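Letters are used for the chains, namely A, B, C and D, taken in the order the chains are written, and counting of residues starts over at 1 for each.
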């Protein structure tokens, strides 16, 4: 196969973004169709990007013989069914995180995907960010020795609207899940126990929905490494995504990129430029790289850089964090059953 | 009073340092005597700095009419008795942290100090570091709005010898106590509950003594602000003391100072100079400033910048953290009784 | 016109780069043909990028009625003739710098371009770099007040081969010309007099060709602002492009971007990542933006952001700098006649 | 000799500063007398610092047998006579820069100092700044290979009053002289030729006195290394003292220290703290270190870190720069005769 024919299912902001990046940056893939229950958005996306086909029902696309793979960017509650349908139709599947909101659904999905022997990648795009990749390389090559403490800061610039929060599964499944994945990616170690505290400090409507908007989660890893993640739904200074790893031989930090490299000095001090606004800007290249990796794995029949298991475990950790928050006690991952 | 006459009790590293700083940097104070159970060190210190009197037993010094104040730098287990003796002799007291290792002793001490109406300051020198003071000023003047998340990183450069660990009261009473104080100092808020995890990753001998050398402590404040402290007994890159506060209007970071301002660029990147080695170098000015503040409070009969209560509460938090670590559960400060 | 049909003349590294960027990033332009005297490279470029036509002789392309504009990336000595031919054929022209190596040729070119009323843009891509644009905006909006001193550092990572140096017109026409343009762009002021010193410190072969590889040029502007540019053909730590402007109200610095945002701390200090390797990496977006601006000016019949005069003046400054170096004296621009 | 007895001649700001630093920081020296033509200031200084003797006429001090050395901080026009008198009285001499404003006087001074065999040090305190010392060490140990380009930025925070400018000898003798010394110190190479341009952009009164307030000076060194110094009498963002050296194997930068290490991030970007205000703050330790070195050289009868020749050559360079500015042409140091 020299060119992978792809359909994008769900043409909201992320779906359309993937379609555009494939068109412009991934020469060995081609979006041949899009689908969205809101058919107008699918049609508009197709027109704008010169994609020949736009459907309301993704199942019609799956009948297409020429189709090799699907990229699923629909709302989370629909992921499991679409993945199973696509896998059953022998299409390779890329799906935005999380796979599903219940472990039972996730396990169903993984079972189908495995038995159908299709490629399955979950959208943890941060693994494809050049800065975090450099960090991982430093750790793997022993530059900081054995990891002792991992710290992840992950803060949105602007809080989501309450409607979004309602269907999000809570801050841990929606937001921290990326950090749980980052922790596993960087350390190649597994979390055994978590403890979470949270507050509603940004938007009281988030609290009324039973969620928190500010959280600190501590992680105990199998190796004894300690971890801590701090999250906020609002960092007025921009999208803040940092990592720090203390090791026996040194420390590694991933800083935030800034919008430009200018410095302005006056009586008040020296002002450097703001952070990038949000994930779309910060992870542009990472989004491209993750699809590129998916496409290459298909073409060259290689293992994927994010497996189904990599999609499942962060959900387990998120469940444990939520249980910890609810019960105000440390929770072992082994307590979370499918 | 135009010049405060001071005795330094305990002339180990810290005691001698205070004596030297007073001589060179604090014109309105004078060290007129030193004492140490190891009399030779007291005598050497006195000779080196031109101090007229050196005793083995501090109680002989307390008889001295001319003496206004004592600076206590002995081992922690002797603090309570010396403070009480000095206060009873109507001497003002500066004492290195912690006041004592049990709350009962601390409460005894505070009772005596209060009833004798002497000034009493505990040695939390970090409050006098220009960088943390600037941070506090930024918070107080509303530059970052309401605090949402406080993060403190505090790592020693070199782990202590096992003998030191043995009498230290554990990492929380010995090391994190400074961070508990910093949290209270910066936020002017009180901790309600803590949760601590720890590991032995630096030196197994520390583990065999029942202590940990790596720890992460989460804090829940009355206001709902969340906090997290990470400690390590070993940061090979130097003494690491940072603070970060996320607020509703911005973020504040206190970075580490470096040994110089040079940058060296080559194929590998750009190398900036190492951090300062340890607390003696990092907090030189802070150590001077804290004694200067103590002396000024005596001369001008002002309130002290660190009160007896400020010395007590971090011990309570440390107890709670230790209980949390032992029982692997969040512990409320209200659970810690005298 | 909704889509500009473009031919790229000269399909070496830069020409091919422009063709690729147009294909992927500039939807309202289309490369319909390429030409190169080395026809194989034109053909390969066309095949790789799906461009329908590849010629040896650019004049055959100019006959094409459908062609709207040409992008000239041939060797400098051929620029003038191609520009004139293209302009005479009523094609808009984008030409890499410099327009030509003699002022007489440049003036001929400008006369033809003006009389034929085609758009003409010179390839000073740095004007389209987001960092320098931010700097200009700061200056224009008065953030630093009146400019007093301008400093430009411009250093190649790897020296060019002697063959390249031979036809380059010397360091000032080849390399510093970009800095002369940057000076005019940022300050919106004109250079009156220059003084240049130079050395051969990088590669003696460059010296044997009568050129220097290290140079410092001071500039006197009409307003009294002082400027200084330092150049080197070799910065082993990467492609170094910085600007600093001291003004009456503050200072502005444009720093170098780095390849990633990681920091690695150990006993030696803290290592940040290297600079980008060379101009291709550093100015990727700037190269895209300059062509985008050219295309938009054609479509919307707007003024160009880099005029013919903007292409001419830096050549005059470069001549003056070369004369200054040769005669070891300050040289006024008014001494340089066509 | 275990303690050097010193007199400070000239008790203005700098003289008093030296007296205070000796008292507090240099245990093996003692200020036994001060002198100032404005006797009141001498008396006040003596009282404040507990110095036993204050004279109007420095010559009376020189009669003192117990006196070992003098520190001369008077106005420049008096330096030569005082140095000669002190040397003739067999006192070691530390003198603030410049030795004198004419080379003839300087040569007289050096002749006397040499024939009387007293120690003689000129006040180039920047050589004793830890940051520049680290830079020198990097160069000496080959960390950047052979130096190719040296850049020095030296800007005052606040322009001097016109009265000061009047007697200053002009910007090059008053201000750039420190940079000329720094260039020689760092590179251990000699300047052969200079070219200077200047403008009056800060204060027209400086221009009316025949001086400039903004200058750029290029330097050609014997080795072929190129240098450039930029000066301004006003940097509103603080006292700006930076150095950069490009070498065959890397680049070295000395950055400015800041007043503290805090960073404040909000929508506008990240604000770091201002630079130190002026030379008194920036070079506190350097001022102490230079006197310490002078005292040690006396006690241990060692060579001085700044020789008489080191005091003379920067004056020659300053003369050449002034001549270059006046005549608008490069000037060789060999053109400057005593």
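Everything that follows uses one rule, which is that contacts are C-beta pairs under 8 Å (C-beta built on N, C-alpha and C of every residue); 3 or more make two chains touch, one makes a residue touch a chain.
Predicted, not measured: the structure shown is a model, and the values here were computed from it.
By the document's definition of touch, common neighbours of chain C and chain D comprise A, B. By number of C-beta pairs in contact, A-B leads over the other of B-D and A-B. Spacing of chain B relative to chain C, judged by their CA centroids, is 58 angstrom. Separating the centre of chain B from that of chain D, both taken as means of CA atoms, is a distance of 40 Å.
Rounded to whole angstrom, the centroid-to-centroid distance between chain A and chain B, based on C-alpha atoms, equals 42 Å. Residue positions of chain C touching 2 or more other chains, listed in rising order: 236-237, 249-251, 265-266, 273. Across the complex, chain D meets chain C through its residues 146, 148-149, 151, 153, 155, 195, 197-202, 214-216, 218, 220, 224-228, 230, 232, 234-237, 240, 246, 248-251, 328-330. Considering their complex, residues 236-238, 258, 265-275 of chain B touch chain C. The touching residues of chain C, when paired with chain A in their complex, are 24-25, 130-131, 134-135, 138, 143-144, 249-257, 259-266, 273.
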